[in-house]
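Data first, discussion second: the structure below is written as structure tokens.
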Amino acid sequence: MTTGPPQHHIHAAVRAALEEDLAVGDVTTAALFPEPVRGTGTIFARQDMVVAGIAVARMVFEQLDDSLRLVQAVEDGDEVGDGTAVLTVEGDARSILMGERVALNFLQHLSGIATLTARLRQAVRAYGTAILDTRKTVPGLRALQKWAVRLGGGLNHRCSLGDGILIKDNHLALLKAQGVSIADACRRARERGPHRHRIIVEVQSLQEVHDALRGGADVILLDNVDPGTVRQAVEAVKGRAIIEVSGGITLANAAEMAAAGAQALSIGALTHSAPAANLSLDLTAFKSPSRQRRRLR
Amino acid sequence: MTTGPPQHHIHAAVRAALEEDLAVGDVTTAALFPEPVRGTGTIFARQDMVVAGIAVARMVFEQLDDSLRLVQAVEDGDEVGDGTAVLTVEGDARSILMGERVALNFLQHLSGIATLTARLRQAVRAYGTAILDTRKTVPGLRALQKWAVRLGGGLNHRCSLGDGILIKDNHLALLKAQGVSIADACRRARERGPHRHRIIVEVQSLQEVHDALRGGADVILLDNVDPGTVRQAVEAVKGRAIIEVSGGITLANAAEMAAAGAQALSIGALTHSAPAANLSLDLTAFKSPSRQRRRLR
Amino acid sequence: MTTGPPQHHIHAAVRAALEEDLAVGDVTTAALFPEPVRGTGTIFARQDMVVAGIAVARMVFEQLDDSLRLVQAVEDGDEVGDGTAVLTVEGDARSILMGERVALNFLQHLSGIATLTARLRQAVRAYGTAILDTRKTVPGLRALQKWAVRLGGGLNHRCSLGDGILIKDNHLALLKAQGVSIADACRRARERGPHRHRIIVEVQSLQEVHDALRGGADVILLDNVDPGTVRQAVEAVKGRAIIEVSGGITLANAAEMAAAGAQALSIGALTHSAPAANLSLDLTAFKSPSRQRRRLR
Amino acid sequence: MTTGPPQHHIHAAVRAALEEDLAVGDVTTAALFPEPVRGTGTIFARQDMVVAGIAVARMVFEQLDDSLRLVQAVEDGDEVGDGTAVLTVEGDARSILMGERVALNFLQHLSGIATLTARLRQAVRAYGTAILDTRKTVPGLRALQKWAVRLGGGLNHRCSLGDGILIKDNHLALLKAQGVSIADACRRARERGPHRHRIIVEVQSLQEVHDALRGGADVILLDNVDPGTVRQAVEAVKGRAIIEVSGGITLANAAEMAAAGAQALSIGALTHSAPAANLSLDLTAFKSPSRQRRRLR
Amino acid sequence: MTTGPPQHHIHAAVRAALEEDLAVGDVTTAALFPEPVRGTGTIFARQDMVVAGIAVARMVFEQLDDSLRLVQAVEDGDEVGDGTAVLTVEGDARSILMGERVALNFLQHLSGIATLTARLRQAVRAYGTAILDTRKTVPGLRALQKWAVRLGGGLNHRCSLGDGILIKDNHLALLKAQGVSIADACRRARERGPHRHRIIVEVQSLQEVHDALRGGADVILLDNVDPGTVRQAVEAVKGRAIIEVSGGITLANAAEMAAAGAQALSIGALTHSAPAANLSLDLTAFKSPSRQRRRLR
Amino acid sequence: MTTGPPQHHIHAAVRAALEEDLAVGDVTTAALFPEPVRGTGTIFARQDMVVAGIAVARMVFEQLDDSLRLVQAVEDGDEVGDGTAVLTVEGDARSILMGERVALNFLQHLSGIATLTARLRQAVRAYGTAILDTRKTVPGLRALQKWAVRLGGGLNHRCSLGDGILIKDNHLALLKAQGVSIADACRRARERGPHRHRIIVEVQSLQEVHDALRGGADVILLDNVDPGTVRQAVEAVKGRAIIEVSGGITLANAAEMAAAGAQALSIGALTHSAPAANLSLDLTAFKSPSRQRRRLR
């Protein structure tokens, strides 16, 4: 089980989302239900998925109304089938109605990411290839999105420009204009960069792979290449560096890249284009007040 | 041209995104470029799209380094072809490298939404049907996402639970348990709800359409119905209410729903599942310092 | 019972108010009481009033010192007489002294609004006329002020420029310069505005009432008119639109406007000029420790 | 001329107010004016008043749209007559419409406070008595309200519990139960309190005045007393302490209290019950486009 | 026992510190411990010290993981010897590892201040001289630092420019250029400044002491003077004002200044240069689960 | 020249510091100077130092009053002698007085860190040893403190728990209880940790150095060892890993550790105990307006 972002981080994300939706209350619910009304809401998965975000959904209801009773049927990271009950909320149905959409918005977004990650991971499992995310995230949600990737079995690439050295095409273009080769760029990063990071360098051809190796790169990131080039790079590198591949990786071609020898696939779509997972909340009133009363005794 | 969210709103979103990516600086760029280096970065569309978010991307670079010079080639909301230059940034290339990803993250997300909206709108143009978003948004980004929908030619449905009356299935389930019909629910909302809103009610069958009409509903939202039901509803309503349709609307079936008489289609996927649009930033150093000098004279 | 703003909203307002008053502590209390001292503080109404803000006052004391025991004698929205105990706080008297002013500041402001609203409502009760607030609120307190209006029996008009269509005099002045009539303005708003809102238009003469009706206005807001004009407007409209009246409505003339047929009165003074209600906190030390002990058993 | 709160403080207050009103835009203006339209808005005083808050109103428009041109006709703190133009805003009329209410809300609230303060000051001018505010402020607006008091010619009492020593009735009630007299309370505060503050103590009778004097109080605050008691206190004190009076001071009785010898009157109503001043914004389109064009050449 | 800053203030400081350290989690702990592991962490003093900040350290662990069990062995403000256990944390050792550094950073900083304050106070105890801090604080930490000073037995000087009158050298330099003497400056401050503050004036010579006395200064602050000057000032003042001394006060010379008659020493180094106190956290796993079970019974 | 934290980060730190000091204004300056008064303030170094924080000090004055004119005599990171003018501020002297302390508080704290770093670096220069900071920072100021370290010629160690792998004593203690050796810990971190980081492991004996090497550690951090042990470790490692030393490093022993072969020294005192550098602001009024005019020509 992977740990999520710190509590206060989730708390702030939930508060911002509630502020968006409820800053001036829920006029429909207020008009229809002047008095409290007890109900039970159940959030169901409406497709097969890896669930992500239950901890966030819980906090939505807790922040809205701390008298609601929450019962969690599955854990974040669990694979569940269509129709599975994920979370049950019991109490004043008006509060459940007010939190429904915000809770589902978190769940559908994060579960969508976890599910896509899990599918990609499944596709390359035979090769032991790692599935990595990127910094191509939705602004403001990076920590939650990267947690969803972990829940889906993926690993996180850089979380910010400050936590890893990755020499990219645009760095190299500038350096080339200064007469600095890829090998020199790697050496410069090693010498002046933080000693706690490895050197990752993005290359686009076999020639550049050799240049990177000469510079002592720890990880060589092949961007937008075909499986053949990956295979040649693996042979050239001979284990002296890790081979990572990015650019246009999909469920359709991931296995082929893995088979070609890629040790890691980094995929922007995990966080920028994963379709939302399908979940919904069903709300029911307590039909028999007598039964309800008994239960509370 | 649609107006966007207030300046301070965009400002806060940009600051949060920069904080995610740059709270402790850019260790790669710092290691490779100890001194300023002049460069020009150009953001290109890498597919046909409706561009959305240039105003946000500009603010990313302005907040990072107010000495950068920005030249905008197209406007938010413009339809552009693959290869179009969208925004040019000139100045210390280190600042451009530091803002590149955050700027692109906003642009790819918002342009993805605007582009999907425009395609759906194109699909139903012959029928004059409106394309509406929903509250199924990515938490924290609602105002920006809804702006992107407008840029794509769509209209906004409720922006929060406080700015419209929409009686949904879960409201009706609770009311039914209290013996309150759909018609009574509409009347109750009219009587107790804010006088500035119309009454929108979600129904799932022709029978419920009639019930809603009896209650004086202004807009009848048919959820998860087939085109045949839409057609029957239109006939039943006879212009006394607006017919809105939601649930599973895609590029494939939108035209059919419109042809059946739907006056508005509300589509969650616009904001929860639009794939990111493809854009990239190309960075070049000034090759000839002499030419550069001339230009500045 | 009306529901208030979401918890986190009240929480933030309380934190801001405590920050104003207590950022560097309470030097008087600290100097006088180096050790804890048990006491009981009781907040009393010092006039007849509709109480509003007890939930906020509670949170003031809870945020300051969670060991305080709070006993609430009445509910938000209750009408109480001069001398009624509203809230009792028991525990370290130093914490009670530190929270006293902030708690009272919320209570006196919100109860002032609720009380004025209730008096106006009482004045027009015979006519079934609604009392509405406006956007003329004290900056930063809109959600709390509008809640106080509801507690006083009033209804809320727009909470923001985004949650309703109200075509005002300044809009019409601009449109007139473009050759657009009131009727055309209403039609334009209907066509291009959000489909969830009714069209409210502000007019100043009988002639403009007819123009608004031609444009299909749902609500006609008569601004700064005399009761005679209201009566004529009601006759002209014949139930085809709601008649709302604003401008200079006071306790003295509200009934006359209602008698003339106004279905709603919108009154800025509710939120910008309601005098503070009179409440105070009386603090007593435990005189007899033996009695105290008995009580806790 | 008194200086206002620091820029960043006003900035934050304005941002919060704009967020309340404009978080999701202005649907009316957007529907009526799809294109920019040039206009001039002028804010007029609609009664005699001391203007306060122009600096805040300016920032409202600046934050909304930095292309607006602002021309300020009077200064904060100026006394102006009914009909005086206070601030002119020129540019895209849509931005003026969006900022109108927020700007007026600040101006009417702060000018209301400054005007009431100035009237009270005028009432006691002959006696040289100071008009002081209290901590009975509207939560969240204390710094702005206290600035308005200064603009009206008043002085500020404590801005927080941390910036002065004021021993109040509830402190004394607790101390009495511990057998500590008013004189001892003053001595204790002197000994243990910050050395930068004077000792102010609230008393309710002549007997207590003598007790306070014995304790070395610097300022004696007579709460809820009649002019006769003030006169007796002044005689008793013989200049050894400052006499401040509070409780139920109004325009009607302030002069009498001053005449009785009160050197300072502290008045909660300045900040909790000052009626809003009357101001409005008139918006006009440029009537003659030809003249406008000429001007821009 | 002195009271600390309000809860919400500590809460915000802790949240900011956790955000600095844990925004993207703890990659080491996550890699080493995929599953929860029970452990006990004990924070030990590693030198003699006055402990300050336990309340803050507790909140660090509470915010991180509310299932941790905290046992506090000593109180804030206690003097403890090298090797004393200060706080014990029991639960998932991963949470303890994640909070360790942030908790220690608060403790070492605040205990360093409290300890230096206590040593200075000890040095002057025989003379009854007060040890005061200044506004020379570390930006953002003023309230916590001033609390640490109180815990060490010191008193607080101004907490902000708004809570006391202190006429400093730069004020006097400007006034001198306007022909205003020190005595006149004191009178002006008395007349126009808040009536709740005493007048403190900074002087640098005996001549200026006399000038300050003539102006009615309540406190005379001698800046950067030798003990001889202090002695002469004390004789000149004859009890008519308090003598405060600042500038270069250290453990080495504090007693001499006190012996010369200084009633208060204000010392910037308390908050800007106190060396961190030495504390560390020792973490141990539960070796025998059977023993653990017994302990919990 | 090293780049500092992003603009918005400095902006937020400055705003927080101004809020601490100026939330309710400067009562002394307001009382003494009712009208603007032109002056020039110059910040001088009062000791030899590496200056750090000029960019922050500038923003203090810019946020307070954007009409102040700032002239910067030296750059952040410059070594300057006692008496050097660092920054000149010209304009309304009241604004200069209000910003003086906040500006100096940033400068003295950051310059203290930069200066201590530079001295340590000077001490080990002959050996090419790097000086590193730690996460033992003052809460809330980490980014600024780490920038000051860079300005002093040091390098940054981890900025958060998320941006590097460092296996510390407490990790190892827990793992040992699970039967996991240091070598296994390194392997586990390599396998499960982010691929962009090297493995740093803290050891305390030569035996543990060998264990770490077996596990493939990239950096071996010797904590609290004597120079002899460092020398032995260097010989044992034979260049297969970097040797970093921490624990009790001071100006007195740094050179000895460097001479023993330490390639990096990480030192908590840089950020938790660097004494503030001595700087002050001298304020002068314009004596002769004619001279002033000449100067501006």
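Going by the order they are written in, the chains are A, B, C, D, E and F; count residues from 1 in each one.
Just so we're on the same page, a contact is a pair of C-beta atoms (placed from the backbone, for glycine too) under 8 Å apart; a residue touches a chain by one contact, two chains touch by 3 or more.
Treat the numbers as computed from the prediction; the structure is a model and nothing was measured.
Comparing the CA-atom centres of all chains against that of subunit F, the greatest distance is found for C. In this assembly, the chain whose C-alpha centre lies farthest from subunit E is B. Sharing over half of its contact pairs with B-D by residue number, the repeated interface among B-F, D-E or A-B is B-F. Centre-to-centre separation of subunit D and subunit F, using mean CA positions: 43 Å.
Per-chain Cα centroids separate subunit A from subunit F by 34 Å. Put simply, the C-alpha centre of subunit C and that of subunit F have 51 angstrom between them.
Among all residues of subunit D, those that touch two or more other chains are 22-25, 30, 34, 98, 143, 159-160, 162-166, 194, 197. Partner subunit E is touched in their complex by these residues of subunit F: 13-14, 16-17, 20-34, 37, 39, 41, 93, 97-98, 100-102, 104-106, 108-109, 112, 135-143, 160-168, 170-171, 173-175, 177-178, 185, 188-189, 191-194, 197, 268-269, 272-273, 275-276, 281-285, 287.
The part of subunit B that touches subunit D in the complex is made up of residues 1-3, 5-9, 143, 146, 156, 159-160, 163.
By the touch criterion given at the top, residues 15, 18-19, 22-25, 30, 34-35, 63-66, 94 of subunit C touch subunit E in their complex. Taken in their complex, subunit F has these residues touching subunit A: 130, 132, 155-160, 162-166, 194-198, 200, 219, 242, 244, 264.
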